[in-house]
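These are the structures, in structure tokens.
What follows is a pair of complexes built around chain A, which joins chain B in one and chain C in the other.
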Partner chain A sequence: MSRIETLVNGVLDGDRRALARLITRIENRAPDAPAALAALFPHTGRAYIVGITGAPGTGKSTVVNALARTLRAQDRTVGIVAVDPTSPFSGGAVLGDRIRMTDLAGDRGVFIRSMANRGSLGGLAAATGDVVRALDAAGFDVVLIETVGAGQSEVDIARTAYTTIVVDAPGLGDDVQAIKAGILEIADILVVNKADRPGAENTVRALRATLELGHRLRSAGHHGPLLDQDDAPPEPALDLWDVPILKTVATERSGLDELAGAIERHRAYLSESGLYEERARQRVQAELATRLREELLARLLDERSPAAVAGVIERILARQLDPGSAVRELLNGT
Partner chain B sequence: MSRIETLVNGVLDGDRRALARLITRIENRAPDAPAALAALFPHTGRAYIVGITGAPGTGKSTVVNALARTLRAQDRTVGIVAVDPTSPFSGGAVLGDRIRMTDLAGDRGVFIRSMANRGSLGGLAAATGDVVRALDAAGFDVVLIETVGAGQSEVDIARTAYTTIVVDAPGLGDDVQAIKAGILEIADILVVNKADRPGAENTVRALRATLELGHRLRSAGHHGPLLDQDDAPPEPALDLWDVPILKTVATERSGLDELAGAIERHRAYLSESGLYEERARQRVQAELATRLREELLARLLDERSPAAVAGVIERILARQLDPGSAVRELLNGT
Partner chain C sequence: MSEEKIRVLVAKPGLDGHDRGAKVIARALRDAGMEVIYTGLRQTPEMIVEAALQEDVDVIGLSILSGAHMALVPRVLELLRAEGLADVLVLIGGIIPDDDVPALLELGISGVFGPGTNTDDIVRHITATLGARQ
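On to the complex of A and B.
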């Protein structure tokens, strides 16, 4: 048996060390990772993928951990992928795993992996997709993807997950409100965590008002199912799905059964409405677009001489050539 | 005179309506925008570009506005580009402009434009670069780029700006601390805003400790000057540049002269050390990579039949073809 076969069989047999090794190989873009992923691919598609995101300060990591424990109590196995922002002071991701591990320690039905954003967003999105697929092939019933941060990463999560949870909390500043408006669109379920704090009801009301406003403003669907170049965010499922607003106190594991229940209801809704397949299709489209972009650029740069590329850059710096024309020149190979 | 020539001459003559019209055409990817930008390009390169970012809740918009007023008091004209996250509840960007406008109202030496993130990060980065160039050609002495959010957008700002300011504030949660670690790397200047609040000194101390830790951990430079595919962040200028930590109370315009002074010192440092040119080169490289990725994908999709692309997607959904192999198949045109 080849080394890759051993690794693949290990993952399929539920060997945690094989899984950890494969994920490291995915992260490091090891040359044998694509073959392993190709061999595992027919065994994927069974895990239910949930994205969890929200503004800083909302306690979403605690929500993720509490949700994992609730799912475990329902006898479901859980993989967690935590996507951290670029950290120059490396070790952050490892430290994060250790802190989490003490909470869910010794439970072999849980597998946690933190991924640091190593530069390229496209690269990270591709790697996260592959890691989720590895956890899926390894047989985890549910995969939770958590992103720290706000902005584009949330939109990318929405592509990877079937159900997207946006976590909020009372008492965050105005600036956070602005960010929330940007990510509410992708929420299938809204959670107001720290609901024992003053102002929790106000936060619920504000979210409800914003949802209603968004519903009114939003015109008919305009993102087609084609593989588009604009990376249009997935069509929000607001129309028929009534986005629930749940309250949790994750530190006390309060409200988590309701959250797990809402995920189940959303899953059933996706199935019955046909949106499940639609979302799967959108995920595939987005992933292909990201991978093609990276691969096409790599190939182009292989074809062009470094001297030609350097020459173009110098002419731009000398204001002799504008970037738009430079791109056309590099593409045409002149 | 053609319509484009009229527009270009208007921008060069300082006609604000022409500038606004050009920026709208850039944002909408109008077919004549590239020609206008090419004509303006020889007139760019004079503005000093400053990026301002930080975690939500730090009051960075207020810092941006106060800094703009301070620069105006020094008789320098200021362009502001505020990059907002994707907002489904559109009108947010416009509303933001109006709120800002009341603050800097009637001053013809200031031009403010909010840009909503319309889906593609690559598209937004390219559009932001072009808008900054339009402001540069229009003769603004300083261009301030503000991003809301945390994560990849900060890394992208670092590419566009000569001097990057990261804004922090006392009393933000642990979650925010994690994000800060991720963006400290790109800071040339650190600002602790809301410095009249309790805990400001602690925040300064924590930032200093993190900077020192980062300095110790960071090994020798490993990002080469080549056009890389990994989008490695620009080499931090920590080695010789001692990142200052300044305190501001932006609502009271306190500490802003010191901030403007620190920007000037950093500018002089970049010039004298040769890093100014190096950063300009890195910006050009990153911009070319982003534009090439988008353009290459567009061209590939033009070449392949929609039916072929749809067929690949269906085979992935049926688990007959893994995404990695699908990319190779689409690239090879089989």
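On to the complex of A and C.
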């Protein structure tokens, strides 16, 4: 048996070290990772995937820790992926989310993995989706993904997760900022954490007011990037989910039963409304489009000499060639 | 497109107070391009080894100020071996009496770095030791 087959079998047998090593190979984009993912794929699709995002320091990791404990008390196993940014200067990272998750130590029903996004444009590590699949194949009932909300990464998380929780906290003074960043649009559940602090009610009110302005635009009718209107299945379901705003004190594990209950209700809503299937289809399309784009770009750059690409850039800078014509030129290989 | 990064777990076992030194090391390793999983204060050997396994680290850096190193370190090494992680480099920083250093190296610790250590030396030690293996 090859090394990668051994890892795949280990993951399916619940061997935690095999799972950890396979995740590393996925993160490193090792040459044998695609074969492993292909072998694992038939075993995925069982885990319920929940995203937790929000501004830095709102208590996301503490909420993840508390939520995982609540889920464990319901006898569900939990995989956790905590994503932090890679330093653009060194390519390194300090990943500190585990500090808040020490309660979960020693529980074999929990597996925590810290990830650096390795400069992926989306904010969410390019490999996160595959790492989540590995946890799914390993049999975890729920996978929690923590990311810092910073623009595009929330959108990415919403694509990977079935239910997205946005965590806010009083006293950040950035309620308006968060809304500008589009963060409310992707929330299925809003959590005002640190409800023990003054100002929690104000934060709840500000969030409710903004929700009522209709910032939530999970629109029907958008079929994604690959199929046009005619090819797509008819009449996408309308998302009429009423986004709950919950207060928690994650450090004291208060409000967590309500949060777990809201996730359960959202899950039920998705499947009853037909949105679950529709979003699954959208996710597949989005992922295919992203992967195609990456793969095609990589292939093209493989075929063209760096000098040719550099030459095109210089000619655009000198206003001798427009970017549109440059793309056609590169594609045609002239 | 394969891109490997050195992954390091920085942990502070024992019951003593602050983690300033550990944080300085964590940042220095990040600045050297490594991915540092920082686990914070009061980690038991069991917690450290479990985190090292889940995070699949190449290196564990233990910051020990309490004087409990001769109790903590053998336990960490024993648990690592039991989990099949004997190849993980273990480094110790903090306050370690010179007299204890030979015994620690004998146990299988890869390096001991006292309070005055230049962080560049730690980076070099890690890259040289891991590099020599390949």
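One rule holds in what follows: the second predicted complex is superposed on the first by the 273 of 334 C-alpha atoms of A that agree within 3 Å, B and C clash if a C-alpha of one lies under 4 Å from a C-alpha of the other, contacts with A are read in each partner's own complex, and residues count from 1 in each chain.
One rule holds in what follows: contacts are C-beta pairs under 8 Å (C-beta built on N, C-alpha and C of every residue); 3 or more make two chains touch, one makes a residue touch a chain.
Note that this is a predicted model, so its numbers are computed, not measured.
Colleague: Does chain B (first) or chain C (second) touch A:Arg281, or do both, or does neither?
Modeller: First partner only, chain B.
Colleague: Classify the contacts of A:Gln74 with the two partner chains as first (chain B alone), second (chain C alone), both, or neither.
Modeller: Touch status of A:Gln74: no partner.
Colleague: Check the contacts made with chain A and report whether chain B or chain C touches more of its residues.
Modeller: B
Colleague: Taking the superposition on A as described, I'd like to know which of chain B and chain C A:Ala298 touches: first, second, both or neither.
Modeller: A:Ala298: touches chain B and chain C.
Colleague: Contacts for A:Asn202 in the overlay, against chain B (first) and chain C (second): which applies, first, second, both or neither?
Modeller: neither
Colleague: Report for A:Ser271: first if it touches chain B alone, second if chain C alone, otherwise both or neither.
Modeller: A:Ser271: touches no partner chain.
Colleague: Figure out whether A:Asn9 sits in contact with chain B (first) or chain C (second), or with both, or with neither.
Modeller: After superposing on A, A:Asn9 lies clear of both chain B and chain C.
Colleague: Can you list the residues of chain A that meet both chain B and chain C?
Modeller: 86-87, 89-92, 118, 298
Colleague: Across the complex, what residues on chain C touch chain A?
Modeller: It is residues 1-5, 7, 26-27, 29-40, 42-44, 46-47, 50-51, 53-56, 83-85 of chain C that touch chain A.
Colleague: Inside the complex, what are the residues of chain A that reach chain C?
Modeller: On the chain A side, the touching residues are 16-17, 20-21, 23-24, 27-31, 86-87, 89-96, 98-99, 102, 105-106, 111-114, 116, 118, 298.
Colleague: If you look only at chain B, which of its residues touch chain A in the complex?
Modeller: 34, 37-38, 41-42, 44-45, 55-61, 84-92, 117-123, 129, 148-153, 155, 172-173, 175-176, 178-179, 181-185, 210, 213-214, 217-218, 226-227, 229-233, 236, 277, 280-281, 284-285, 287-289, 291-301, 306, 309, 312-313, 316-317, 319, 321-327, 330-331
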